[in-house]
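Structure first, commentary second.
Going by the order they are written in, the chains are A, B, C, D and E; count residues from 1 in each one.
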Amino acid sequence: MIILNKIISFYYREYKLNLSGFQDILTNIIFFFVSIFIFIFSIGPDKEKISTLSIGIVWTLLLLSSTLSLRKFYQDDFENGSLLIMHLNGFSFGFIAILKTFSHFLFVQVPFLLSIPIACIILNIANDKIIYLVASFAVGSLTLSCLGSISSSMNLMNQRNFLLGSVIVMIFSIPIIIFSVSIINIEESFNSLISILFGILLIVFAINPWASGLCLKLSIENN
Amino acid sequence: MIILNKIISFYYREYKLNLSGFQDILTNIIFFFVSIFIFIFSIGPDKEKISTLSIGIVWTLLLLSSTLSLRKFYQDDFENGSLLIMHLNGFSFGFIAILKTFSHFLFVQVPFLLSIPIACIILNIANDKIIYLVASFAVGSLTLSCLGSISSSMNLMNQRNFLLGSVIVMIFSIPIIIFSVSIINIEESFNSLISILFGILLIVFAINPWASGLCLKLSIENN
Amino acid sequence: MKFLVNPSKFNELADYIFKPVLILSILLFALGLLFSFYLSPDDYQQGSTVRIMYVHVPSAWLALLTYAIMTLYSIAALAFRIPFGFIFNTAVAPIGAVFTLICVISGSLWGKPMWGTWWVWDARLTSVAILFIIYLIIIFMNLSIENRNVREKVVAIFILVGSVNLPIVKFSVDWWNTLHQPATISKLSKPSIDPSMMTPLIIMTLAFISIGLSIAILRIKTEIISRKSNLG
Amino acid sequence: MILVKDLSIERSNKKIFENINLAVGSGKIILLKGKNGSGKTTLLKAMLNLIEPSAGAIYWKGKLLKKNLYNFFNNVTYIADKTSSLGKLSVQENINIWKRIFLSNISDSQIENILSTLKLDTYLFQKVNSLSFGEIKKLEFLRLILENKKIWILDEPLSNLDSESIEVLGQTFEDHRSKEGSIIFSSHQKSEINVSEEILL
Amino acid sequence: MILVKDLSIERSNKKIFENINLAVGSGKIILLKGKNGSGKTTLLKAMLNLIEPSAGAIYWKGKLLKKNLYNFFNNVTYIADKTSSLGKLSVQENINIWKRIFLSNISDSQIENILSTLKLDTYLFQKVNSLSFGEIKKLEFLRLILENKKIWILDEPLSNLDSESIEVLGQTFEDHRSKEGSIIFSSHQKSEINVSEEILL
């Protein structure tokens, strides 16, 4: 039960911190909507066109906006010593990675998830497709959080080149994007495609604690 | 002449910090292209579709790149005391803001500017439009740099009532984007539209040293 | 075959064969240029633009081949703890990137007269572009992660994961219907290409291989030295 | 309880120190001394298994530390030379977070007591960022009490403190020693803290 | 040269200190003492016009400091309690940046000399991040020489230094004093530095 208590306290801390960094979350979401407007302006008011393109746009924007927050993933905690305290408090680095990934999902991706329906309305996406979109994004975004954890822990060792991490995340997310977008277009096979997405999620999820944990350990060692 | 020397040394430092080598510029450019790829993957390979979206894509990426780097704008310099050193070395806070804005333009936006022509080729944008795109982008990106300077200096003060700082900036950037996007679509009136863009730039440029300077002063005072 | 896995054995052999390979590459390249510009016929459809093929196809093959070998060395390095694999990968990645770049540039130059655009988003071209970016990421990871032990493992894993792209490049023309030429030369059965074009192609391929080999030898040697003196 | 045996550490192929032997028994206060760059911080971090030694080993209760890491962590408080409080949050919020993280059962009135001996009680709602350097440092010491562990590992706790605060800290150390706790800390300053052993690196 | 007259400072409506008078003449070394939170850092920052005083004024060469700010800045080196070197860059790169920023005409051999008295010469190509706490602090003192200004304002320069480095610093202070320079610094530690005046906040 102690471990459960500790996990709860971890999220209490994340909550306190993210709340004071509410700005960042808001910035991400605004970025998301402003970009949607950009697309609407650049396409023109043609409803037909907008709705054929919209799902791809939503997905890409979701991906790009979540790279916005990658820098915050471990950097702050690393610099102010919280990472160390967490470790000394009994969490292995791999476990910290898992907790952090969920916290990223909770505080960064879930707000997006909530704003998807609004985006769908703006972009004229059919109501019955919204549910598919949200479902595929829910799975895909957790995958993105895992990838983000890996790349930003790598960035701790390589503090200069921040974008390299994002590029790596984006390369790996290409298959996710392909599958997710086709989920929407070929509705019949929704089940089989979402299970592919799930498969990818499982792989990344299994690698994440191991890879991120190693990077965290090494970067603390070298600090 | 001393002031000129000091300005040069300012940029030497920015260069060392931003691009510890050529690789960082290249990473920026790769990031740009990978983002384009992602868009293509989500939209599909249809030429028609791609070219209706291409201007939106380029502008979204511009907005993204300037949002991504907002955190680096003043935060690092503020935290490691460089801002203070610069000030004590004879630059008023307003002047630091101007220098920083140009440095942001130079090291973040210009690499994008340079890669636009290539992006246009792979996005099937007509050759004669490229020049318009680059021109509007050049003006617009400097405006975004100024806005970025204002919002990130507001963020330094780290007070709840400034939570809306980045929101305001994003909203301000909407008219810029509308004008820039329509520049491409309605070629005839290019001149009048670009002069509106220029007008916006001048206003923001004039406000920037004053607003950012004040925020920098206040945040150093409260630290 | 020790020289394939042992740095000092490799060094011995490299000293021995470097000059011959270099000379061979110069000779082959000159001969190849001669063949492809003067001693081969125009295509009845494509005219003289077909000569781009003699650069395009060998560079494409070598881009793929280089990555394939890097994948093998990554497995060797990770699974069988052969550190030479790391050395090889660091040294050879830029060469592969250059070949890919040549392939893309020559392909677009060819595409303009053939398809009417520099670039289309079909599966072959897209996957080659991704191959190029993967090469670049490998190079930048090598440059920017400081801790060597971590860096080489991370890069090796990345190479392994990225190798998924290889079959996509190779077979995309068969799997999806695309603008790009399906395999005509490298088919397993009888190649469907005129012998008069085959000769310059083979010579150019050999020339590209020997050029790549001589640069690789140089780069691997410097990599070995820099590791010995702990500069990297 | 902690036994450091023939420990050597290298970083980037440079020897930092070699063959250090040291034992931290219960009821002991050990002071690490040495010039700048002699490896005090490195040694303390190695004792927490944060740095891989190049030779030698560390034992905890007779077992290899590595094998028994989380049990060890349950018994140790580490205060690094950097502070771990969150600058954006207020003192109060920081304390609340620590209380939860360390599952501390120290009562609120006790905490208030300590804060007032540390003269921090008036700053409860101020952001940590705006505290003075010494005040931030003192706030960090609250963790010693909150965590309530047996072993304290402290890196340069005395720097930036005024003499009054050093005295308070000295008393806290004395209290801890009398409860069979053990302390190892590094310092450059001469102070009136009563140490059982001095080790020169 | 600097005259502080009846200075009072409030922050968030809390008085930090009141009616401070102090004069920094040339050839003087002034030590600021006081408890944690007594306002030493605040006073030093106010002397640099970084904090607005609630009452009183500061004069520089007879004129109001505010009116004459950049002339004053041309004559002063400030070393804060935080360090200003860039952790991501190497020692060498940091020195190069400083040399350019301060348009320093100190020769390379002189810099090498100083680095070797500070025992930093072997770390030239190491990232500042990986230096020890004291080494980073010592690196900061290089700015005193590089900037080559008349007035030095230093916030807790002695903390985290070993006694040898403090001695070197004391000598540097002495040198500067003999060249008619003036120094004002804060400290909690007793040291052998020969001060002209002590001010208790």
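As a convention for this text, a contact is a pair of C-beta atoms (placed from the backbone, for glycine too) under 8 Å apart; a residue touches a chain by one contact, two chains touch by 3 or more.
Quick caveat: nothing in here was measured; it's all calculated off a predicted structure.
Using CA-based centroids throughout, the chain positioned farthest away from subunit A is E.
When C-beta pairs in contact are tallied for each pair of chains, A-B comes out on top. Rounded to whole angstrom, the centroid-to-centroid distance between subunit C and subunit D, based on C-alpha atoms, equals 55 Å. Look at where the CA atoms of subunit A average out and do the same for subunit C: the two points lie 35 Å apart.
Taking each chain's centre as the mean of its C-alpha atoms, subunit B lies 45 Å from subunit D.
Residue positions of subunit B touching 2 or more other chains: 20, 23, 27, 30, 34, 37. Contact of a single residue of subunit D with at least two other chains is seen at positions 88, 130. The set of subunit C residues that touch two or more partner chains comprises 130, 133, 137, 140, 144. On subunit A, the positions that touch subunit D within their shared complex are 2, 5-6, 8-10, 12-13, 16-17, 20-21, 80-82, 84-90, 92, 220-221. Subunit E contributes residues 11-12, 34-37, 41, 81, 119, 126, 130-135, 137-138, 156, 159-165, 188-189 to its touches with subunit D in the complex.
Against subunit C, the residues of subunit A that register as touching in their complex are 154, 157-158, 160-161, 164, 167-168, 171-172, 174, 214-215, 218, 222. Against subunit B, the residues of subunit E that register as touching in their complex are 48, 50-52, 70, 73-74, 76, 78, 80, 82-89, 93, 96-97, 100-103.
Remark: subunit B residues 20, 23-24, 27-28, 30-31, 34-35, 37-39, 41-44, 49, 52-53, 55-56, 59-60, 63-64, 67-68, 70-71, 155, 163, 165-167, 170-171, 173-174, 177-178, 181-182, 184-185 touch subunit A in the complex.
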